[in-house]
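Just so it is clear, A, B, C, D and E label the chains in written order, and each chain counts residues from 1 on its own.
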Amino acid sequence: MVFTDVAVVGAGPAGLSAAIECAEAGANVILIDENTKPGGQLFKQIHKFFGSREHHAGVRGFRIGEELLLRARKLDIDVWLNCEVCGIYGGTELWIVKNRRESRRLKARKIILATGATENAVAFSGWTLPGVMGAGAAQTMINLHRVIPGNRVVMIGSGNVGVIVSYQLLQAGADVIAVVEAAPRLGGYGVHTAKLRRAGVPFFTSHTVLEARGKESVESVVIVRLDEYWKPVAGTEKELEADTVCIAAGLTPLIELAMLAGCEICFIPSLGGHVPVHDRRMRTSIESIYVAGDIAGVEEASTAMEEGRLSGIHASASLGLYSADKEEELSHQIWERLDVLRSGPFGEGRRKAKEKIISMKSMTQ
Amino acid sequence: MENEQNRLICRCEEITLEEIIQAIDNGCTSLNEIKRYTRAGMGLCQSRVCSRLIARIIAEKTGKPLDEIVPVTARPPSRPVRIDIFSPRGCNVKNS
Amino acid sequence: MKRYCDSLVIGGGIIGLSCGYYLSREGFKVQVIDSMEFGSGSSGACDDMILLQSKKPGVVLELAMESLEMYRFLHMELGCDLGFKQMGGMILIENQEELAVMEEFVSSQRSCGLNVDIVDREELRRRQPHVSDRFISSTYSPDDSQVDPFLVMKGFINAGQRLGMEVRYREAAVTAEKNGAGRWQVLTSTGCIVEAENVVISAGAWSNIVGGLFDISIPIFPRRGQLLITEKIPPIGETNLWSASYMVTKLRPDLAKVRENQSEYNELGLGFSFTRTAHGNYLIGSTREEQAGFKKLVDYRALEALSRQVAHIIPLMRHVHIIRHIAGFRPATPDGKMILGPWPGKEGLYVASGHEGDGIAMAPITGKLLSDIFTGRKSITNMKELIPRCMVV
Amino acid sequence: MSRIAEHPILGPLKPSGREVSILVDGEEVIAYEGEMIAAALMASGRRVFRYTEKRREPRGLYCAIGRCTDCVMIVNGIPNVRTCVTPVEPGMIIETQRGIGRWGGGDHGIH
Amino acid sequence: MNDTKKKAWQSEGVKTSGTPTLEELTQTPGFPSEEFLYAGPVAFIECVEKIPCNPCETACPRGAITIGDNITELPMLDAGKCTGCGLCLPSCPGLAIYVKDYTFEQDRASIIFPFEYLPLPKKGDIVEMVDRFGETLCEGEILMVNTSSRNDQTSLIKAAFDKRHFIGVVSMKRLVT
């Protein structure tokens, strides 16, 4: 059994930021990730981020990742890679499997869960055929593994993930022959959709994929128009020649470890579904467990980094590493930036949803 | 329509939409119940892909709001793990 | 709202459903209620064995043998697949001391008509090529069988419903009293009053809580069992497996071998069971722990102990993946025998519970015996030992 | 399905390790040591990783992050290995998994 | 102006076809007004949604782009101050800015736009110029390909094209290998 002050689970934008804050506060911190490299989704994000300078605006995601890694290295943070957290016992004990070969145990005074989110599925006929995959899976293949998963791609979903991954597929050399959106209106940011549009990618609103056809893998995709009740309109089927279907139907917070630990959860559709109830300090209903990033509600990497820092500051403060005043001061600065990221017509809903979660936490206390 | 009913929901255990709907018709209203009743979610991935799909089917069929459909019970391990990992020397993986 | 029935069964696990089904078959109007969900109690967190070999000669063994006979044909009666399989079972023997104890045990079982034998090292190897060389011999019974508990429960529900049985999950009994006409009035959590001639408590490990509503104290307590579920794999050997060391500990505590981490083994009540489900997953068991309360928690200690144990006994299992670690509660009684029959001094109140680890095996016979009691038919076995008894817990 | 040798943002391909040879269903495939098995297979044009137990249907990569377990194959004689999160090692023997698979190779001869 | 801003982020064009319509764009504060449209090199900021983002503001050395403290506001272009230098182009994470010059030549206008695909065109290449919908409008001649590392892999391409398509052209068609 290894002992540490803080264990951070997940070395994505939130987890890395959390670990850096803890280390800066003087805590012993171990950062755990199941992948061979830290950075989480940041290294798949090859586009430039929005925001203002303090949010790394205009910087590509993977460069932000590199920067965070550099800081983590300078702070000598102990990063356990290839380590899957397979269990969590009693709120402070982690069961970790390293390299899929070795069982390890870690006891931490505080645990910060930054496990991110997982892709939602859409179950149409033929969705199990090889060639049908999550949009994130395609993104992993092209940007991390540098392999094109297919040449003619139909993208399901026009939210930011769908349109960003479509653009990145074009950059990788594939063709995106259709972006199919069940809603009557497109979901993603206009600047993203505009990039695709001027590259000649057609959008099909009020459409869905009816079927992926093929013997051993996808050979064609049938799309169909939906009526106002979202029911397929017979006779509007179109068969498109394609070898790949990517599903970008939103993300769900990965709360499994929080549930294993027994954290209270609540359902917030606008943040992706069930999330652990947490307070302004990012602390869950279990005193020793904090959450940050997509596990606490699906938002963007910039928000995840701020939440990571927030959780790190408060976890450190709870270990006595900051005075109450200092804690308040640091927390306040981050909340100001978070408020900016959660402003405007796109951010407003998330801000309200977050407030709702936080109010639940105060009610249970 | 036959095609539709035959559509897979649980990829691991190959459980169809029809089987899920049957379970709901027989009174199952939670993810855990459907899992026990149909085996959807009992496979290698332990419902990590299909549980949200099933939640939506329950909501559609029963009118039960999604927030009342709690996630399946979480149990370790959160990934499949080899029994060997507990031996003191760790896994003894052979190459060929 | 008010509902009426002849028999209200409280507890919708495999035992309650069996009782409900067999009572329905006799023409009783039956309602089954359960405070929890389908399969959320012990019937959904156990292995799937109809294990005869582990039983001492006596009423439990006799009933288990009869239950097995019923299972052979139950799928025809219920009209659905129950995942019934007769893989046989072997209890692995590690040394001469164990062998001596098991030889005596096996011969006593044989005298009761159980088809069981001791086999030598060669036959053990032939039937179980992957078992560690350390084992010198084994028992073998071709009769040990298994079913899928979920399929059996579904089968009882569906067949029962065709006979008019009603099953309601998520409905708990809240209060119980007799009305002027001498019938039970049970208020439930949905605000219903169920009026019934008879009430059957078959709430497994939770039976004593239900008993409280009827002012009785049922000597049944929860005994936690943790087990591991593997991925689906090709069959490992011909039969399911157990180890004799655990049996020997129970049969001859004086011979119990002292090993490393003995106290841990004792606390966990670690035994070895290794059974293949109808679907190809293996269930690796199990612990047998005294525990207060009903929290289905699993712990690392059991996980590690169970994993090491199986790797030790079947080295090939090292390569297999565990996909789930679960816990369940066996409804245990102080004397290790189930409780079945009318509760003395409470007219119209019956208990069918306390099977500890044998609920799956005993389900058909329990329901059948209960219906025999209801109809006044003479039961074929000596039931005295099972009649509800006030025991000092 | 091919490797992205040049990328407008990420630049030229920087392999994860040296070129090694692995055996996929008896055929030699050149892969980079340390890259994920699934990536090497996709790069070689393979999309079907296994066939299911009940319906005998083909399956391939779906989540690419070790969660969905759809890309499992028999690796060095052991079934159900998640190829999207298992790195290539020189000389690996990889087989298409049919149903629950079988154990082969080495000393564990279950068939 | 405030009213326009409020309306503008709900671009119907974006939500239905993926791209704002010209009509919508002319109502946003980032689009050059009539008076500066044909008067020489000027930036076109096709930013129609209120997302929290402001790098373009600081990228402009002449203070021609204003967003203000509330960074979800749309960028406001003071076209009179804009010299069409193009420094704001690579700063925009959304690749939503380009510079066009109606006065480039007698018959040809020029455009500088961001481009993130391979292969890159070379100086002198003749390419297809496209509108917001990806439709080819006319040919264009590549005048310059700027791959400065300052722009972090966002290349800036300058092309000349038929003046008659001045309003429509926004980019070039992706080249295939």
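FYI, a contact is a pair of C-beta atoms (placed from the backbone, for glycine too) under 8 Å apart; a residue touches a chain by one contact, two chains touch by 3 or more.
Nothing here was measured: the structure is a model prediction, and the numbers come from that model.
Participant: Moving only to chains each one touches, count the minimum steps from chain B until you reach chain D.
Facilitator: Minimum number of steps from chain B to chain D: 1.
Participant: Can you figure out the chain closest to the middle, judged by Cα centres?
Facilitator: B
Participant: With centres defined as the mean of C-alpha atoms, identify the chain lying farthest from chain B.
Facilitator: Farthest from chain B by mean C-alpha position: E.
Participant: Give the chain pair that accounts for the most C-beta pairs in contact.
Facilitator: Chains A-E share more contact pairs than any other pair.
Participant: Greatest Cα-centroid separation from chain A: which chain?
Facilitator: Taking each chain's C-alpha mean as its centre, the farthest from chain A is C.
Participant: Using mean CA coordinates as chain centres, what's the chain B-chain C distance in Å?
Facilitator: 25
Participant: Distance from the CA centroid of chain C to that of chain E, rounded to the nearest Å?
Facilitator: About 73 Å separates the centre of chain C from that of chain E.
Participant: Measuring from the mean C-alpha position of chain B to the mean C-alpha position of chain E, what distance in angstrom results?
Facilitator: The computed centroid separation for chain B versus chain E comes out at 49 Å.
Participant: Among the residues of chain B, pick out those that touch two or more other chains and give their numbers.
Facilitator: Touching at least two other chains: 11, 44, 48-49, 75-77, 79-82, 84-86, 91, 93.
Participant: Among the residues of chain C, which are close enough to touch at least two other chains?
Facilitator: Residues 231-232, 303-304, 319, 321, 325 of chain C touch two or more partner chains.
Participant: Which residues belonging to chain E are in contact with no fewer than two other chains?
Facilitator: Chain E, residues with two or more chain partners: 116-118, 153.
Participant: For this structure, give each pair of chains that are touching.
Facilitator: Those chain pairs satisfying the definition are A-B, A-C, A-D, A-E, B-C, B-D, C-D, D-E.
Participant: Please output the residues of chain D touching chain B within their complex, sorted ascending.
Facilitator: The touching residues are 52-55, 57, 59, 62-63, 66-70, 72, 76-77, 80, 82, 89-93, 105-106.
Participant: Touching chain D in the complex: which residues of chain C?
Facilitator: 130, 231-234, 236, 280, 316, 319, 321
Participant: Which residues of chain A touch chain C in the complex?
Facilitator: 87, 89, 93, 95, 103, 105
Participant: Which residues of chain D touch chain E in the complex?
Facilitator: Where chain D meets chain E, its residues are 6-9, 11.
Participant: Spell out the part of chain E that touches chain A in their complex, as residue ranges.
Facilitator: 9-11, 14-20, 46-55, 58, 70-72, 91-96, 116-118, 130-135, 152-154, 170-171, 173-174, 177
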